[in-house]
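What follows is chain A paired twice: with chain B in the first complex and chain C in the second.
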Partner chain A sequence: MNGIEIVQLTKEYKDIRALDGVNLTIQPGKIYGLLGRNGAGKSTLLHMIANRIFPTSGEIRLDGESVFENDRVQGRIYCISEMNCYDADDKVYKIWNWVQNCYPGFSMEYANQLAGKFELNTKKKPRQLSTGYNTIFKIVTALATDADYILLDEPILGLDANHRELFYKELLANYAERPKTIIISTHIIEEIADLLEQVVIIKEGKVLLDLPIEEVRKMGYSVTGKKSEVEQYCSGRTLLGEEELGGMKTAYIQGEPGEIPAGLEAAALDLQKLFIRLTNS
Partner chain B sequence: MTINFESDKPIYIQVAEEIENGVLSGAFAEETQVPSTTEISVSYKINPATVLKGMNILVEEKVLYKKRGVGMFVASGAAEQIRQKRKENFFDHFILDLIDEAEKLKLNKTELMQLIEQGYSHRS
Partner chain C sequence: MKFKQSFLYQTKKMLYASLITSGVYVLLALLMLLLSHILDPEIQFNGVIIGYLVFMLVSGIVAFVNNPRAHVANGISRRTCYLAFLAMIPTVSLAVILEMAVLRLLFMDVSTELDWVLEFLMQSYQTGYLGALFLLFLLLLTINLAGFLIAGAFYRLNVIGRILLAVVGGFVLMVLLPLFVVVCPDAAAALGRFLAEFVASYGSLSVMLLLISCLCGACGYLLVRRSPIRSVKW
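Let's look at the complex of A and B:
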């Protein structure tokens, strides 16, 4: 079995169940979007793949081998998150020297090249960097490791629009140069949707959806028109949500639109709209 | 080339249509190479698998062909072929929609024809 296999994974904290029997396979060589509302369990899942926390029960395997306390397997995985995994009082370039020891594929030349593009001063210490530049430091490090599995938990935190665009381009250029598995977890869904090949949505510790991005638009659509006509159209269909404005109504409906009656306007649900409809409590 | 991320059309269809537009405008001349999957992917921030899916539609339609180890090229006769295909779609996607919209606005056939005439004279 290739890729990351997650089997019956459960993580309980004192009084909450952060993950609840998750079964999921991360296929190698694809860019994934891992989406979920705050507290859904995204970070818990990524941190467990990276061996930073242990599950209460269940298994995670990479190409058939457990990822827990397994240095050889962990050497193929690099994870960035809010957590800092290095001494914040070391200079950036010194931290990179250290990373190079654990990730032999790390390219100092490429890291410096990216630092130049993002205008990251490698003589500074992470402690001296702004939120945005701390994120830049982390994403540059992650891209330069050339690990087979790169896990990015909120990789655009604090980045301005220019730096976000540069990040998306550099990520795709890196991926094209040497295909790898990249998991991006973020709340900025609209911006990253087109970078993705596969989408996983988790809700309350469970996998709600695991689909190729092309299939997402078959999951739902919206219909707008006169309230009475929309309501008539909706009967017998599965509603994901509805909104009213005066005498107009928009209904969000599960499935694919067939023939739409005259007077009603149908529109596709993009990933963000679908996400909101599926995860609203 | 422009990709409209708000559009109802899937991104891979838009990629195919934009390459077709490039062929029609002459930006991608026949028997010349089109940008690579990677170039389009990076430049438009789209997953390369999505770009490839769009390009493969055009390979199937024989608008593009692969040169092994080199890249994708525009087939000769591609522009004419695209024009033919679009003419066939023109009735369904433009003419019928135009009449639908005219009916919503309570424009009758004579008024619509007058507007089309007006549109032509406006351009010349």
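Let's look at the complex of A and C:
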């Protein structure tokens, strides 16, 4: 199994280069976090993997076969995004019938079970649902397809904290039941950080980082203590960022902590802080 | 290839829409029947075939936008979707012909003008009822594919292109063509005679409709094969 190989992928829109020669391998059976600032090219990349748009140049292959206009390959991929793809006049359960026809692994029982947990009314048309419930409809559909590759572009858009919590729980349960590749693209980084196995950060159409989460976390740490002591400790070290509150200071430092002087507290760097530092211009 | 799934999905949707259209016509025919009793016995319900032709045109237009989106979302390529669409059109056209025939059976006694297009075809081409139905079948096929092509052209063009296409198309039809007839009547008459050759006989009209269908079908595929999927507002 090769997974998804992305080779020299470029996408241009008039004078904008959304993706610029991206090379990336998505390994099978892993949960990926696809991170990037607005307009970085995340959605463009996911939409190309899902055959929704075509690249200006480059190739995407799944287990050696091109993903473009390939029914066999696309039958192993399911993508959700802000894009509404189904007939606005169909009810949720009718759309699921259509999805089931195309994805033999789709479990109507599981979909209904999830709909019950999320309190999704399957007799409504998607256009009658709120933004949050539209997202729920999409994530339930995606999880129930049992596709080998599930692409989730902003899967928590409009979800309240309770539903987000439930989604993370169900996503992990689904993955535990049958491991698959799940790519999550979101701006709410800290919430998904614990789900991820691999992190890909895209900046201005290029892959900036592609590492396992453990290695990403080792890229930096935070130190908290009295302002003067923290400043003294930081001298000569590469600072990723800093925060002050009263006389206390927290510094985010690149590298591994080593020995920490007494009076200072070290902690693992959170993914969001690293992301902000890496993606700031 | 998920041809079967796509064919069944598209056919089911179109048949459902055509049955609703027929249902509306039945209601309209009944309403006219009622009005003819109350107001004027001359009131008649007609234009059913024109209505079905408009239905097929609109269906073709909608198909370009809706079909690839709902298929690509389910891992079905544009090519498979389009092939299934090509297989669906004759199937649905046949169903529409049958629905027309049933409407005729139901209302021919009370509404003599119900299918004047059919009468026109029968008289003009000296053909029987079945022969006229076959011509209508080809007409439905052609108009659906033409609708698909028109929608495809507008979908793929940018805003300026769309405006230009609409303006130029409108200008040619509304200004240039009438002007040509007025300014060059001989040339216009010659052109008219030349075009009339294509519809002069039953056979030539059938062949012409088939050729136009093939042309629209081929151009439609060129437009749909690399068309980007766009979101729809729910």
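Rule of thumb we're sticking to: the second predicted complex is superposed on the first by the 239 of 281 C-alpha atoms of A that agree within 3 Å, B and C clash if a C-alpha of one lies under 4 Å from a C-alpha of the other, contacts with A are read in each partner's own complex, and residues count from 1 in each chain.
The definition used in the following text is that a residue touches a chain if its C-beta (ideal position, glycine included) is under 8 Å from a C-beta of that chain, and two chains touch if they have at least 3 such contacts.
These numbers were taken from a predicted model, which means no experiment stands behind them.
After superposition onto chain A, the modelled positions of chain B and chain C are compatible, with room for both.
By the document's definition of touching, neither partner reaches A:Glu109: not chain B, not chain C.
By the touch criterion defined above, A:Glu259 lies against neither chain B nor chain C after alignment on the C-alpha atoms of chain A. Applying the stated contact rule after C-alpha superposition, one finds that A:Leu196 touches chain B and leaves chain C untouched.
In the superposed pair of complexes, A:Gln74 makes contact with chain C only, with no contact to chain B. Taking the C-alpha centre of chain A as the apex, the lines running to the C-alpha centres of chain B and chain C meet at 150 degrees, rounded to a multiple of 10.
Contact comparison for chain A: of chain B and chain C, C touches the greater number of residues.
For the overlaid pair of complexes, the smallest distance between C-alpha atoms of chain B and those of chain C rounds to 28 Å. Of all residues in chain C, only 1-2, 5, 8-9, 13, 66, 69-70, 72-80, 225-226, 228-234 touch chain A in the complex they form. Those residues of chain B that touch chain A in the complex are listed here as 5, 8, 10-12, 37-38, 41-50, 53. Partner chain B is touched in their complex by these residues of chain A: 30-31, 165, 168-169, 172-173, 175-176, 194-197, 213-214, 217, 267-268. Residue ranges of chain A in contact with chain C, taken from their complex: 47, 50-54, 69-71, 74-79, 82-88, 98-99, 101-103, 125-127, 129, 134, 147.
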